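Next come two complexes, and both contain subunit A; in the first it sits with subunit B, in the second with subunit C.
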Partner chain A sequence: MFDFLVSSLTFGAIFALMALGLNLQAGLAGLLNFGHIAFAGIGAYGTGIAVQAGWHPALGAAAGVAVAMTLGWCIARLGKQLAADYWGIATLAIAEIIRTVATNELWLTNGAQGISGIPALFDDLPGKSGALAFLALVVALAAAAAVLLRRVAYGRFGRALRVMREEPKLAACMGYDLMSLKSRAVMAGAGVTAVAGSLYAHYMSFVGPDYLLASETFLLWTMLMIGGIGNFSGVVLGVVLVQTAYTLVPFAKDAFGFGSDIAGALRLGLIGCILLGCLLWRSEGLLPEKMRKMP
Partner chain B sequence: MIQILVDTLLRCSDLALIALGLSMVYGLVKFPNIAHVQYAMVGAYLTYALHALGLPLALALLAACALTGAMALAFHLLVFRRLLRAGPAITMIGSLALSMLLIALCQGFAGSFPRMFTLPLATPIRLGDASVTLTQIAAVSTTALLLAGFALLLFCTRAGRAMRALACNPALADASGLNASRITCQVAFCSGALAGLGGGLLALSTGAHINLGTDLLLPVFAAAILGGLGNPLGAVAGAFLIALTETLVTNLNFGWLYAKPVAFLPVAYISAASFLILLLALLFKPYGLFDREVRRV
Partner chain C sequence: MTAPHALQVDSVAKAFGGNRVLEKVGFNVRPGEIVGLLGPNGSGKSTLLNTITGFEAIDAGSVTFEGRRIDTLSAHRIVQAGIARTFQLPSMPAKMSVAEVAMAASVAHHGIWENLFGLRAAREAEARAREQANALLYQLLLAPVRDQPAAAISGGQKKLLGIVCALMAHPRMLMLDEPTAGVHPNLRSDIVGALQRLNQAGMTIVIVEHDMHFIREVCHRCIVLDRGHIVADCRPDELASNERVLEAYLGGAARKPAAGATAGPVLRMGAA
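Moving on, here comes the complex of A and B:
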């Protein structure tokens, strides 16, 4: 039970990092990124490929972050003239292309088998303290990211992003370079998410193309929409709620004797229901973004 | 050579009906409905269930088509109409939630194992060096008939003219006394019915499975965007282009590029091909190949 709790919390903290990265793009800058999970996948694969090649894992994580940020730059540049919803579909397509490549390029990624045997970070600590140390690391990272991004959000850069989201023409008139704002937001989100992906790879000691499934992005979106898009405490609340719902499903499976198909359906349906209900009755989320009023 | 043409036509008929419905609804409600491809999955499962209950295949297809249409109409009235007040981005995320819900329902009721239709075996017909089955011919001709009928409806009837007017300029259409909400409801029903039928026809060869909708998502969106979202017949042309590219990419021998006798792209890249077209279309022709409107940016 204790191990289960620790692992749920670890997953929660890793997802919180990814959701914070997405919030910077979707919440503050209003960019509909439906391919966000690609950044996490690149971070995870960076670690995996580095370990396979015999490099130090930290080098792999750094390479993963660099590649993810480059991809983020390309994605942001892609949408020069695209309307927001078209851009969303384009990001979805890019994530799927990356997943297809990861499934098929056997020499690089070992295909659908994935790369296994990635060392855990605190393996040499005795007993349960290894898992606890890893949990402490991810929670600390998530908290640091939340505080840092919150500061960014209430600073000049965050204000510029919000002006761009609400009134792009006004932002352009005030002399902001929208393209540069957009690419910086996407790149920052990509970096945070790639770190989370690399940690995920260490925790699971495995990377596979399943990490890049579009449903993972939608899971992150659910966390954002439930908690309150644009508000960092809201995002954390959303992560906690969705992770709790996910954690409860195995118990429901045992209590009611469901098969694994029904349990999977229950998990997906639960998330769909919560998201839809939230959108219909509380579209700004449980903790809405606070707009500062000018006196 | 004929085989390539036959494959293209088969794939095109899989995509065309679904892309047509997607594009048609987009014209009126102005948001890309991600759940639209899941209607095809629901249609496939309904067709399977009704066929398994003992209905003849044609009747099962028809009933599933009507049921899917009713479902699409219900979703339009209960969900999308409310969400649209909050803007297209929220509605798009809502359609995402709906598609998760539909997959979950189908997985809960039917399981994750594909359901194959038990159709009588027939010898394929030879056309030159190509072979097709009777079921495939029936599916393609049904699609062709429906498309022709739809084109007639769109360009030669009052209802079609009202639809085009509403898609083109909602304010003016409203001022000329068109009942916008009734037309939108009718179109939502039609698009759901077409998607259900398309899914049912597709499932005749692949079986009904829970990834049927998700696998269609990007090719169908690529087709609809290539044709210009909101332009239903453009979507059909887009579907043909996507089908042609997918077939060519997997059937052409790229050996001359690498100085090897035989070099084919792996079949798994078939979907990447359509995503790539989608990206290129978004980059260079974001309003579709048939866009004639002048835009001031």
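Moving on, here comes the complex of A and C:
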């Protein structure tokens, strides 16, 4: 039970990092990134490939972050003329391309088999303290990301992003280079998410193409929409709620005697119902973005 | 060397498909001048404003500001070069307060790192921006609504907020698109006062406007556009006697004496 709780919290904190990265783009800058999971995948593969090549995993993580941020720069500059929704479709396509590449390029990613044997962090600590130390690390990182990104949101950069999100012409009139704002928002989100991806690879000791499934991106979007897109506390709440729903399903399975396949469906169904309920009754999420009072 | 003209528009042409909106439009604006840009609907005024401010690319000709070609620059670079503008129908963010929108218009130090680590330079810039925003909001009578959502204030107040945003960028030239249309008369005279004060402090201003009272009160010179051509460049009090202006607004009917009875606002105001 204790292990189960620690593992749920660890997953939650890793997902929180990814969701916070998405919120910077989608919530603040209004960028409909439907390929966000690609950044996490690149972070995870960076670690995996480095381990496979016999390098230090930290080097892999750094490379993963760098590649993810470069990809973010490219995605942001992709299709200058594309309207927001078409840009969203393009991001989805790019993530799918990366997943297809990861599935097929055996020499680099070991194809569908994925790369296993990625060392867990803090493995040399005795007993359960290794898992606890990792949990502490991911929670600390998620908390730091939440605090810092919130600070960005209410600082000048965040103000510029929010004007761009709602009135791009006005932002241009103010003298903002919209392309630069967009690039920096996507790159910052990509960096945070790649770190989360790398940690995920360490935690699972494995990375495979399934990490890049589009459904993972939509799970992150669900967290944002339930909690409150644009509000960092809301995003954290969304992550906690979705993660709790995920965690409760195994108990329901035991209590009601469901089979494993039904439990999987129940998990998705539960999330779907929560999302639907939020869209119908709290369309801006449980903690909507608040207007900030200026001193 | 100081350029004799603040703004120099030379043979500017712009077409949307087969529709030639501007044809060889050329005029100058001297530093410290207030110029009114007039013309009937569809005469190309807004397009001209959009081409000068970089929101539309021109097909031919050139635009020079303070001796520097600006027609190849994008909109944000033109703001940085010293020309700020407002929109005819400004829409404002719903999730930001009036004060926050004004603050957002202060462009300096908007990097991630500066506000992430609260660097001293960024904090000082923030304090200066806040002071400037508060002063401008007060001057343009928006202080009472500074904590309201920017999308929830009246249309006239949004126009004022548009002017505040433009001024936050420290421009040397201001281009206003119908600043008084739909604005309450009391507020209108406040806008007149604000523009005159700015002008006395050296601001060059170009105003697209239909209201002749306003034009006569504020502008030093008027440029009249009709179907993509400049048909007049004269003092405001000369407008009513300018035959090409009358023709532009009233069509061929202006030539007939009986047309006086159906004259539009231009004629009546001009004669007043």
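Everything that follows uses one rule, which is that the second predicted complex is superposed on the first by the 291 of 295 C-alpha atoms of A that agree within 3 Å, B and C clash if a C-alpha of one lies under 4 Å from a C-alpha of the other, contacts with A are read in each partner's own complex, and residues count from 1 in each chain.
The rule is short, and it goes like this: contacts are C-beta pairs under 8 Å (C-beta built on N, C-alpha and C of every residue); 3 or more make two chains touch, one makes a residue touch a chain.
Being a predicted model, the structure only gives us computed values, none of them experimental.
S.K.: Taking subunit A as the common reference, can subunit B and subunit C both be placed on it without clashing, or not? Answer clash or fit.
M.R.: fit
S.K.: Of subunit B and subunit C, which one contacts the greater number of residues in subunit A?
M.R.: After superposing on chain A, more of subunit A is contacted by B.
S.K.: Could you read off the angle at the CA centre of subunit A, spanning the centres of subunit B and subunit C, to the nearest 10°?
M.R.: Given the fit on chain A C-alpha atoms, the answer is 80 degrees.
S.K.: Answer with first, second, both or neither: which of subunit B and subunit C does A:Q113 touch in the superposed model?
M.R.: neither
S.K.: What is the contact status of A:L32 with respect to subunit B (first) and subunit C (second): first, second, both, or neither?
M.R.: Only subunit B is touched by A:L32; subunit C is not.
S.K.: For A:I89 in the superposed arrangement: first (subunit B), second (subunit C), both or neither?
M.R.: The answer is first: A:I89 touches subunit B but not subunit C.
S.K.: Could you say whether A:E167 touches subunit B, subunit C, both of them, or neither, answering first, second, both or neither?
M.R.: Touch partner of A:E167: subunit C, not subunit B.
S.K.: Which partner does A:S233 contact after superposing on A: first (subunit B), second (subunit C), both, neither?
M.R.: In the superposition, A:S233 touches no partner, neither subunit B nor subunit C.
S.K.: I'd like to know which partner A:I271 touches here: subunit B for first, subunit C for second, both or neither.
M.R.: In the superposed model, A:I271 contacts subunit B only, not subunit C.
S.K.: Once chain A of both complexes is superposed, is A:T244 in touch with subunit B (first), subunit C (second), both, or neither?
M.R.: neither
S.K.: When the two complexes are placed on top of each other via chain A, what is the minimal CA separation of subunit B and subunit C in Å?
M.R.: Nearest C-alpha atoms of the two chains are 7 Å apart.
S.K.: Given the complex with subunit B, which residues does subunit A contribute to the contact?
M.R.: 30, 32, 78, 81-90, 92-94, 96-97, 100-101, 103-104, 214-215, 218, 221-222, 225, 261-262, 264-273, 275-276, 279-280, 283
S.K.: Inside the complex, what are the residues of subunit C that reach subunit A?
M.R.: Of all residues in subunit C, those touching subunit A are 53, 55, 74-77, 79-80, 84-87, 90-97, 99-101, 103-107, 109-112, 114-116, 118, 122, 125-126, 129-130, 146-147, 149, 162, 165-166, 168-169.
S.K.: Which subunit A residues qualify as touching subunit C in the complex?
M.R.: Interface residues on the subunit A side: 148, 151-152, 155-160, 162-163, 165-167, 169-178, 184, 188, 230, 289, 291-295.
S.K.: Quick one: which bits of subunit B touch subunit A in the complex? Just the residue numbers, please.
M.R.: 31-32, 79, 82-83, 86, 88-90, 92-94, 96-101, 103-105, 107-108, 111-112, 214, 217-218, 221-222, 225, 266, 268-269, 271-272, 275-276, 278-279, 282-283, 286, 297
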